[in-house]
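Below: a set of structures, written as structure tokens.
You will see chain A twice below: alongside chain B first, and alongside chain C after that.
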Partner chain A sequence: MAWFVGRRLVWALFATFLVVTLTFALLAASPNPETSQAAWQAAQDGSDPEEARALVDQQHGAGDSLTTQYVSYMVSMFSLDWGQSTTYNEDVTSVIANAWVYSAITVIPATIIAVVVGFGIGLYSATHQYTTADYAATLVAFFGVSIPNFWFAIVLMLVFGELLGLTPISYDSEVPFWSLEHLSYLVLPITVLATAAVASEMRYARAEALEYVSATWTKTARAKGLSETAVTIRHVFRPATVPLVTILVADLVGIIFATAYVVEVIFGIPGLGYVSYQALVRMDTPLVLATTLIPVFVTIVANLCQDLAYTVLDPRIDYEGRSP
Partner chain B sequence: MTASTDTTADRERAPTLEPIDWEVVASERDAHRARVTARSLVTAACFLGLLAAWAFDHVARASHEPFLTLATGVAFLGEDGVLTASPSHVDWLFGLTLLVGVRYALVPLWENPRLTRYYWRRIARNRLGVYSLYFLAGVFLVGLIGPLVLGDPEPQWDLGHTPPVGFGGTFAHPLGTTRNGEGILEIVVAGARVSMQVGLIATTISIGLATVVGTTAAFVGGRVDDLLMRGVDLLMTFPTLFFILFLVYIYGGNLFVLVLILAFTTWGGQARLIRSEALQRREEAYIDAARAAGGGPWYVIRRHVVPNVSNTVVTGATLLIPIVILFEAVVAFLGFGDPSVWSWGRIIADGRESLASAWWVSTIPGLVLFLTVLAFNFLGDALRDALDPRHEVNRGR
Partner chain C sequence: MSHNRFAGVSRRALVKAAGVAGLAGLAGCFDADGGRSLENGSDGVTLDQREIHPEWVHAVSAEASELSPYRATDYASGLRTTLLLDGAYTLDEDDEFYSFWVESYENRGEESYAFTLRDNLEWGNDYGQQTADDWVWFYNHVVTPEENWVGHPTRDDWSNVVSVERESELTFVVDLEKPDPLFVRRPTMWGTQILPSELTKPYYERWVDGDGDAGHELNTADEVLEFQYAGNLGPYTFDRREIEDRFVVQRNDDYYRRGTEPDADDWEDAPYFERYVMRILPEQSTRLAELRTGGITYTELPADEAHALENESAVETVTTPTPFLRLAAYNQRENGWEPFRNQSVRQAFSMAVEKTSIVENIFDGNADVAHTFQPTYSEFYDDSHVREFGEGESYDPEAARSILERELPSAYGYDGDVLLDAEGSQVALTLVYQTGERVYRDSGRYIAAAIEDLGVAVEQRAVPGDVLLERYAYQESDSGIPTLNAGSRDRYTSDVEWDIMWSLSLNTFPRSPENIGAFFTEAGTANFMGYVPAGDLEGLLEEAATAPDIERRRERFGEVFGLLSEEQPANFMIFDNTIHGYHRNVVLTEPVSPSWGYKRHTYWASEDPHG
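Right after this comes the complex of A and B.
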């Protein structure tokens, strides 16, 4: 058990190290977009593009050997010295520190909605298989999974913002943070975020719960005279939580992060996705790197938490054996 | 006497082994071998032909003249009835993908009509799946032929926004126009080709990679398995969209590069699935038999493991296509895509500026994108029900 946790921690650290190394390799092996940008700019201004190229390269320490560059890169990455953002004229770390709150206020509610509503409907569908409600839920899930999130956001904006005038169209960061007005700005973004996640959680919850609906122990529980609700929660949902936790973490990262990116750009919410978008557009490499790596770190930590959660959720898991 | 007559009769009635005419067997075997050789030759010739045509187009010929000119004599086709084609790298890769599809999907289905009918009956149980298949076939054909018939979207600067038919528009532009006067219909048709190309090419590469990695890991096992699967774990710690955007930032959003980026970032999950499927297959008796008969690891993987995980591969591929199409659309929507290509994501982004005054620019292409993705998901679900025996338990009624 302790061996399992220890090994898991070591892998998380090793994965972090490898990912950072990989980004260095990718950046080192390709022409720096910033350099090309500077050269292009110089050509526009009528000065020598090669000179501008050399200047930018020099600023980035291109004169040093690859190993020196690598070591200084790794040291600064791990000491959280992530450089200056040219877009915001600030330290990258302080840009991130200011931005993450705006991501959290949409991502956290959407996640809670996804878990509660998604798992709830999924369980109901599984225990009422082949009823009209089940078919309706399955169909809705298909729509939720398939609808392109950016298009959905635009349609919601068009209908609720432009046509009905019920909600504001774009985000205004001047609005007081703790106010009902602020909430009205967040309704549409959270709806878009939650839709795909709810649909996905619902499908998985249904599929996983179905495995246990006709298991022998649920029959025993019913025979003992337990109520349907108790059977559903204690004997169907409990064993289904283990695979669902796995899926939840993967989904959070895959669906909610990706959707949050697009939603922040469309509604203009100054969260991490919006910052990353600005960085990509303005060729702000330090900020691009930071906003790419932060979701990776979050994923690594989330995967670690997921594996540790297993030890609590499923006493049957064997920590020594090889998983199939 | 009776006893002796009985034995004679018995001997006459006694079951004899069916006589084998070894010459016939040998000739049948030779005919089969000849067929296999002929097919390999035709396949090789097709692939080499395509390669030669690409090399001729992009290496030997540096001119910008169209690769192919076809005078059809039908006035509404192309420019004055002359069809021209100047295929890009992506177009050639698309041709290669289609060739792979014909060789490894259509030809086997054609050669085994009984099995084809069996699968079709199973898929046909799911009506939504069948309608989705028809719809996707339609989108595919429109994407393949449509741009040749309608031509590229041409701006008409004086025209500006015109609404679709039924909202005050004319049949000259049935789905309305953009701010620059480009017809939405032409853009949607051009976008259909881009989406189909990206979806099919990237998925083929991705699923091919996943199959190689998944079956190798499962079959070879040991260190190789650990190494490959830890690699997959590492790949999958990158949230896909962020990884794609990072790579697009470094390598640019040219359609050809984007297709490769999408292919190399999406194969991890499928590799895991295929590995777990192949681990079960590895224990089967026919694998032992193939090994005992002297089959090397690559031969056994290619001839016995891969065909027996093909159900997982087919379903996985069908469900990967919509994911890839959506990623391409998001990249184009954010403005990091290929500016020379009319992607559905790009036109949806263009329509954002004039959402209130010209709703059709964003909504119509978006609806087509939505329906395409939905149809792929329905079809994938129908295929899983039809091909995966494990799902039959839930279909008891």
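Right after this comes the complex of A and C.
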């Protein structure tokens, strides 16, 4: 097991290195829109557009050769000295440290809701297939998967925030963190995030659980007199969790860095998704690399944890045989 | 409610006329000519109600990238820095000098100006009083060094200045290379913000000693980013900046401008809010919903949403003209449609697009029709010289077709309603415009349909703004650097072929129009469309720029803008308006003008907007 874990950690470092290198290459190959804008403005003013370009490049640390920049960024990344954001003139670590909290307060509750509610409804649907409740749950799932997040968020904001006045319209970071008022600011963002995630988890949970609802061992369990709840939890849900855990990590990263971005833009939440996007738009290389490195590393390590969790969830899985 | 209540300037006028010692229930609205008329307002706002309220909340769409005054020249950054630093002076609704740090100026001949600072300007962090020495040091060590060590993007604004000399503790003299009666209106001095010389000196000395990072370190020093040096030089003091969230400043208890002339009454206790919060709300729907529900005090409104908000009782809107012109440029370079080099063909295309319809139906009336590269409010606009295309009788697609039949090379011709080229195929043009705003797309489609009515097939391409510039406007110079005018139109072309480019917004510089040479002279730095004037535009511009008196200057510029309207290097489509949305309790203190906002820190609220 130790050998397996060690090998996977080394692979995690190598994969992270590859992804960060690729990201750097893509950034280096992309034109910087700020450079175009600065040169355009200078030309309009009758100033020297080339000097304007040079100033922006200098600000973005693009004055050095590509090799020098690459080595410098890589050393910074892996020594965890991520330097200064060229957009915000602040330490990258400080920018990320401030932003992640705002993502966490929406993503974590949304994920918990997605897992508990999604898996719960999925299991119920599977064990009550083709009933009215199953059809209703399927309808809800299709609604959640199909509805565009940005549209749903705006509609919720206009209906519950503006029309009914039940919730605040946009997020306010000055509200006391541990307060009911703060919760009122989070209801809509969490609802939007959770809707899609619940629907997704529910469909997976239903599909996986269906495989085991009529399995021989569940029939045996029922024949032995176990209650339906015990059968569902111990003999249907437990084997179904292995593939469900597999999709959980991908879903979580997807929520943080894709769906959360939409929610953060619409509700004005200064979270990591929005900051990462702005870093990309503004070609803020240190911040882009750092915000790339984090999800890549988190995903890889989470995948490792997920593989280890398999051994707990399903004792038939064993990595000992893979040792040299 | 589209009318607005005015206090400051209107009060000044009223007090003068009627001897009334306060503003009793004044409300203002705009007459058909864009002027302001006063009426006894039904809102019953009186000066007695002017008190200091807890906060002004301003919603913006984007974070600032720079907070050092030497680097902050973009709009988003300027919004923040002007809360803490007033700058030298500004221009009022009549484009006249309006005092901030500089109390007065004296024109000593046309090549010399003396500026005198107020005597109550104090830097923070024990840097002492702001004096003439700070400005002299700024000019000699930030503006003039051969290398732009501090990265000051607007150094070229000082290109006509040969020296800045101290005359006394508070007075410095700016000497010019060439006579310039409009120098005070140029961005050289107005709005300029500087740092204390004592703060900058150590960085400068490090740079002189060979430390190339000294400028960057100055611009990113905590002392600079936190405005610790700002003292009493702005209406607010820095509190904090939360990245991509908010910029918070607190009322400056020692603000130098309080109770001083001009408009001492308006500035009596300014600013009238304990703190100013600039919130970043990237999504337009969110900003508008917050404004409608009273969650914010102010935001800018999109042109196509403004009319809907005028009917909201919670919102006051103000529409102000801008000098920014949106044009449809005709590509006269080698990779454009060759007939666009013919002035008559360009005129025909311009008369086929009805601008009024775009303004009324797409911009919802929140823009103005343009006919030349100067707004009608400019003192250099002379309508007796300007030829109109695309409005009223000058919108004439039939006449346009006749002109095309007559002016296009003989190989071209109409087959029924279709315009055919030399190969017998329908003429097909590419219309490119930028993505991002619905009005660009809708106008693009409208322009395409209008051109298709001339029998021309139009391929529309919508691309992001930076792609529009990089791939369609810039050409690669001999040194490999992208530039907007790399040289001869027969040789230098953009990466991608195009024929008409819509949606770019250009500054027409109505206060000092000499800069327009960048777009419309053959070698102009921004002449991306490859226009070669038929008339002596360059000569006229030179005459206008060096005219010894303002009358001669007006005449010459009138001719310049007449020539441009005649030659139609581009279809001058519309002038943007800026639409401001305020909380209904806000009392505004200045008349509508292109200088809108120059007294924004004297705005107050009749009741707490967010109480």
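Keep in mind that, in the parts below, the second predicted complex is superposed on the first by the 262 of 324 C-alpha atoms of A that agree within 3 Å, B and C clash if a C-alpha of one lies under 4 Å from a C-alpha of the other, contacts with A are read in each partner's own complex, and residues count from 1 in each chain.
Here, a contact is a pair of C-beta atoms (placed from the backbone, for glycine too) under 8 Å apart; a residue touches a chain by one contact, two chains touch by 3 or more.
The structure presented is a predicted model; accordingly, all values stated were derived computationally and were not measured.
By the touch criterion defined above, A:Gly165 reaches chain C but does not reach chain B. Once the two complexes are overlaid on the shared chain, A:Ser173 sits against chain C while remaining clear of chain B. Within the superposed three-chain model, A:Leu280 lies in touch with chain B and out of touch with chain C [touch as defined at top].
Of the two partner chains placed by superposition, chain B and chain C are both touched by A:Val265. Contact with both chain B and chain C is seen for A:Met157 once the two complexes are overlaid on the shared chain.
In the superposition on chain A, A:Asn89 makes contact with chain C only, not with chain B.
After overlaying the two complexes on the shared chain, residue contacts for A:Pro148 are found with chain B alone; chain C is out of touch. In the superposition on chain A, A:Ala309 makes contact with neither chain B nor chain C. Common to the chain B-facing and chain C-facing surfaces of chain A are residues 33, 154, 157-158, 162, 265-266. If you check the complex, the residues on chain C that touch chain A are 63, 65-67, 71, 148, 151, 153-157, 216, 219-220, 225, 242-246, 279-283, 285-286, 289-290, 292-293, 295, 464-466, 469-470, 473-474, 481-485, 506-507, 514-515, 517-519, 525-526.
In the complex of the two chains, the chain B residues touching chain A come out as 233-234, 237-243, 245-247, 249-251, 276, 279, 322, 326, 329-330, 333-336, 345, 348, 351-352, 355-356, 359, 362-363, 366, 369-370, 373-374, 377-378, 381, 394, 397.
Taken in their complex, chain A has these residues touching chain B: 15, 18-19, 22-23, 26-27, 30, 33, 129-130, 142-143, 145-151, 154-155, 157-158, 162, 210, 253-254, 257-258, 261-262, 265-266, 276-277, 280-281, 288, 291-292, 295-296, 299-300, 303, 324.
By the touch criterion stated above, chain A contacts chain C in their complex at residues 31, 33-34, 36-40, 42-53, 55, 58-59, 84, 87-90, 95, 98-99, 154, 157-158, 161-162, 165, 168-170, 173, 265-268, 270, 274-275, 278, 282.
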